[in-house]
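Letters are used for the chains, namely A, B, C and D, taken in the order the chains are written, and counting of residues starts over at 1 for each.
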Amino acid sequence: MTWLPTPYRVVTRTVETHDSATLVLRPVAESLPTFRPGQFAMLYAHGVGEVPISVSGIPGDGTLVHTIRAVGAVSRALHDAAQGTVLGARGPFGTAWRLDDVEDLLVVAGGIGLAPLRPVLTHPARRTVLVAGARTPQDLLYEKEIVSLSDVEAVLTVDRGDHDWHGRIGFVTEPLASVPLDPACTTALLCGPEPMMRFCARTLLGRGVPAGRIQVSLERNMQCGVGLCGHCQLGPMLLCREGPVVPYPVAEPLLLAKEL
Amino acid sequence: MNLVLDLDGLDALIRVLRDDGRVVVGPVLRDNAITLAELDSAADLPGGWGVEIGAGHYRVRKRDDAAVFGHSAGPQSWKRFLHPPRRVLMSSDGNEFRTAQDTAPDYAFLGVRACDLAAIAKLRQVVGGPAPFVIAAQCTEPGELCFCASMGCGPAAGPGYDVALTERIDSGGHRFLAAAGTVEGTRLLDRLPGRAATQEDITLAAQDVDAAAQRMGRAMPEVDLRDLLAANRDSAHWEAVAERCLTCGNCTMVCPTCFCVSVEDTTDLDGNAERSQRWASCFEIDFSYLHGGAVRTSGAARYRQWMTHKLGTWRDQFGTSGCVGCGRCIAWCPAGIDITEEAAALAETTQLGGE
Amino acid sequence: MTHRPNRTLQVAGLARVEGEGALHVRTVDGEVDRVELNIYEPPRFFEAFLRGRDFREPPDITARICGICPVAYQMSACLALEDACGVEVGGQLRALRQLLYCGEWISSHALHIYLLHAPDFLGFSDGIAMATEHRALVERGLALKKAGNSIMDLIGGRAIHPVNVRVGGFYRVPTAEELRPLAETLRHALDNALETVRWVAGFDFPDINAPHDLMALRDTEGYPLDRGRPHVSTGLSFPANEFGVHVVEHQVAHSTALHARLDDRLFLVGPLARYSLNSGRLSPVAAQAAADAGLHSVCRNPFRSIVVRAVEVVYAVDEALRIIAEYERPAEPCVEVTPRAAVGHGITEAPRGLLYHRYELAADGKILSADIVPPTSQNQSAIEDDVTHVVRSYQHLDDHALQSLCEQTIRNYDPCVSCSAHFLDFTRERA
Amino acid sequence: MPSPKTTTAAVWKFTSCDGCQLTLLDCEDELLPLTEHIRFAHFLEVTSVSEPGPYDISIVEGSVTTPEEAERIRWIREQSGVLVVVGACATSGGIQALRNFADVEEFRSIVYARPDHIATLATSTPISAHVTVDYELRGCPISKTQLLELLTALLAGREPDLPDTSVCTECKRRGLTCVLVADGTPCLGPVTHAGCGALCPAVNRGCYGCFGPMNRPNVPALVPLLRRGGMGDDQLHLVFRTFNAAAEWS
């Protein structure tokens, strides 16, 4: 049964950016157990393939919410799935963001990396700061939604602006160096390209955020989600089991090794 | 209960297993090697054939006697049967998903050596599946590349067999001491023609196996291999191996515990789809593919991944080493790269903590 | 005077032939002025780069001259090289070679009959279009073709450019048990082959006879396949090593394929020649099929070549079954071949006709020179001549109909244009 | 009956032996079902019909060896949605690329009495040297299984599964015994691109590399093993200079 997807039907499809869309999936019959923020599903597009996709929302009504960026054949097929399409889902897989004893929440995301962090933006915290970057204004996810979240102090930045963009230009590390923080009480959650996460973690360590309170979400090729295919190894870990969310002290030496 | 069987007794054993509806698999001589195939009778066993084995080298040779288990690990392992090279996982018509029918027969494995018995356990720990009926062959004649003793996996067959055979040819004739390891094993022996074993039979067999431990062709360095590999992530030695390594993936394919698979999607013209898994290798560049490119492209990184996983991180993941010391990866590496030698080379230049 | 004294027919890309060719016909004052079968298949220089290669390589290398009849190339190459080295491959090894060759005949002929040639007779643009109305027929043809391929897959390791053929024999020979399922397939194929003969025998054939000399091998026994001595309808017969004396190739400006003449006369090789010179040697089943199809002992009508091909398929299936029934696995997969300084010649019957190879070896086995004369270059002049006849006899047809008839005339020869590129005896031409 | 799909395909021949396009006809069981999904708008070997472009899929066999071919491939690229090149000729220049290492004038005069009539280029080059290529099928000839995999994948909109690793991985999955290790037979399997299904080792023969080099082959590491199997300098030179002579072996 390990490999058997559970059928889900696309109930809504929302275009997020020129290459990303959010799908809400409702079980056709049986449903999967509840996901926690940071966990992922293996989503199957009929005849095309199956890839790991995090949950980008947890409405609690048995539906699955995923935001997918089209980068290859499978993600393209999922991204394009119209309302009514039946997709397969397996999960929940992997570790979740650790959110117990959170005081201040600092969420740092690059690109599609915001998707797995979206569910934590509404997590009760003393203070929630979001620093999110994207390549261009057109690549920014959930922009309207973020602005509407009154409890979230959001800093958005883009690598390259355009004439309609009046916000920040530059990498996420820059605002991170200056955003007001209470380092000792901060829990930092990072998701994005590996070099971005390394730089951000370094900046935060420099500002006094304890290493143990920094968490990163890592990515490797995954074909099963349950430690059978072997593709997701990163050093001692099978990232589908021990990851994707990993404490930074565990991740750092692995991210520093070449071609691991 | 212990029983002594002659060749006819062995033949009866195969027959009884077959009568019970099992597919009996064991060693046969085929294509210049001792491979594994379905057995009809004891006559299919490679009686009188041994092997001459070295790094990247394997030749079958005529033995002086008629031993049927007088050969060390061949090109194949039991993995082919427990974790087949290709297996359908599920099919889809676009609305419904169906698991593939499991068509694996009820296997009985005959002639499983200690190293392979350990390998079967390690493999099943990962891939699961029904337990096969196992008739082990105690190792009395290790090969030039064997190092099961230093991996703690032999030469005496550990737990997990139903029956263990110890082959002996001397003035007393060609015979097999059969010892049951499970109730099912005992029941099987009850149905076989043989004489009850004497104390001498048992002593001789134990001596033969003990002696084998002293004759291993290879050994792993006596260090904590997991620590050794963790300490050598950035070693320059990987480059040195990469010069010789073909990145062909043979070592992983012949390894009895390497379990990695890739998933393939196929579609037919009527719109049906099927997902299958096939043996994959960490030596394939695509193995570590992420959107934008593979993570491990250099030969050095790929060899490091293999060896580190096998000897080191397997323990982090599954609580045990991934290597049983069968020597297959050494023999069937066309370049003759020797995992024990590479481990020794690393150990030589590494000061591990705690000493 | 005819109604259309001057006209030009131009077929830019000949369809349903293997390889690329064009046809150019011009009539002036009702007289045929020029007929050119223009082969624009780019040259590939096989004979040139064979020089300096090892004597064990030609079976693999020359197979790549033609994807439609690679076995023929392999067989002629092996024969020529074994001739040079003074080795003869007989017994069960030869039988396996014949079996492999039968596979190619079946597959190649079935492809030609069903997908390339029959659509002409039934008025379809191709086999796929024909399948829309005659699905079962086309499926039968494909099944027949598949039977031939399954022989090549099993004996040769693959159907196109088999990997198991070597000078001296094979790399691995199958067990009798491995051949058994093949016999099963072939028994079905025999029924299909017989039905094929019945089917094509009922087509309408223009009444045209090729006046040319016919040349084919004749073996000591049986229908010619993998060996034999060239025989000509004039009564001439010569050993393989005199091939170059009788068959001379010359280059023509309009084609990359060289044209050949036999003692300076137009001649034909291929099914018509093979049949007309050997019809008495068919197996009883094939002979009966030929008789039922109304073939006489000699057939010179190129349009009826489709019937002859169908009969040859029956023969090849029947022969394959015989070989499998009598098969015993040889102890060794090949005989040892030691090179020596010598010249060797090899001729076998490719599906399209006689295929000649000649190699000159140095003592260490290096190839000093190579010469290959494929069937299409031998037939090319005769094809042009046939087209001339057709144009002359069917002047009354409109351009479209005449063009179709001309194309069909070319297809009668199943010309394998891809292999026809080029091959001229370098030494003789230079001298 | 499924509604006839409108995917159009064109099959083009360049300098080659026809074997790779024949592979399509060798799909005896699949050919007619395929034609219910794909319409062959141009396929000279099979049909007299030739429709004008554009084509959804173009399948190109053969290498570029004449000035006319260099022109034609550009036109085909413009007319084609997906361009698939098939076989050693199209992917690496094929055996006729041996001319790239020789004097083509001499080749021409060896074969033709009046070489001036023969228009040919000094090199035989793969299609990718002229235009962007979407998919490559290796092999001399290509594998029927891979061809069907590619076509069904294109029809289903998935990525075709065309591994670029060694022949050894296929050899081992088949359960064959390594001919290099067990017989000492020189074998190019460890550096050759997978795809054939290990045909040669299956007949006790060493692979001779007809699928060309795998992704990042380590040829220098194989050379001593080939020598050990009895290959001399001459043979070593020849074995990499045959069907994929112009490919990047190292």
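The rule is simple: a contact is a pair of C-beta atoms (placed from the backbone, for glycine too) under 8 Å apart; a residue touches a chain by one contact, two chains touch by 3 or more.
As the structure is a prediction and not an experimental result, all values here were calculated from the model.
**Student:** State the pair with the higher C-beta contact count; candidates are A-D and C-D.
**Tutor:** C-D
**Student:** So which chain ends up closest to the centre of the protein, judged by Cα positions averaged per chain?
**Tutor:** Going by the distance between chain centres and the overall C-alpha centre, it is D.
**Student:** Going by the average position of its CA atoms, which chain sits the greatest distance from chain A?
**Tutor:** The most remote chain is C.
**Student:** If you average the Cα atoms of chain A and of chain D to get two centres, how far apart are those centres in Å?
**Tutor:** Chain centres of chain A and chain D, defined by C-alpha means, are spaced 42 Å apart.
**Student:** Can you check how far apart chain B and chain C are, centre to centre, with Cα atoms defining each centre and the answer in Å?
**Tutor:** 52
**Student:** With chain centres defined as C-alpha means, what is the inter-centre distance between chain A and chain C in Å?
**Tutor:** Taking the mean C-alpha position of each chain, the two centres sit 64 Å apart.
**Student:** On a C-alpha centroid basis, what's the spacing between chain C and chain D, in Å?
**Tutor:** Going by mean C-alpha positions, chain C sits 25 Å from chain D.
**Student:** Multi-chain contacts only, two chains or more: what residues does chain B have there?
**Tutor:** In chain B, the residues touching two or more other chains are 265, 267, 273, 297.
**Student:** Give the residues of chain D touching no fewer than two other chains, as numbers and ranges.
**Tutor:** 156, 158, 204
**Student:** Two-or-more-chain contact residues of chain A, please, as numbers and ranges.
**Tutor:** Counting only residues that touch two or more other chains, chain A contributes 47-49, 72.
**Student:** Once the touch criterion is applied, which pairs of chains come out as touching?
**Tutor:** Going through each pair of chains, those in contact are A-B, A-D, B-D, C-D.
**Student:** Which residues of chain D touch chain A once you look at their complex with the stated criterion?
**Tutor:** 156-159
**Student:** What residues of chain D sit close enough to touch chain C in their complex?
**Tutor:** 13-23, 25-26, 28-29, 31-32, 35, 40, 44-50, 65-66, 69, 94-96, 98-99, 102, 104, 106-108, 110-114, 117-118, 120, 140-141, 196, 199-200, 202-205, 208, 210, 234-235, 238, 242-243
**Student:** Please output the residues of chain A touching chain B within their complex, sorted ascending.
**Tutor:** 1, 3-7, 28, 44, 46-50, 71-72, 75, 86, 88, 219-221, 223-224, 227-231, 233, 235-238, 253, 257-260
**Student:** Mind pulling up the chain A residues that touch chain D in the complex?
**Tutor:** 47-49, 72-74, 77
**Student:** Which residues, counting only chain B, touch chain D once they are in their complex?
**Tutor:** Going by the criterion above, the answer is residues 30-33, 35, 56-60, 75-76, 80, 85-86, 242-250, 253-254, 264-270, 273, 278-279, 281, 283-286, 297, 299, 331-332, 334-335.
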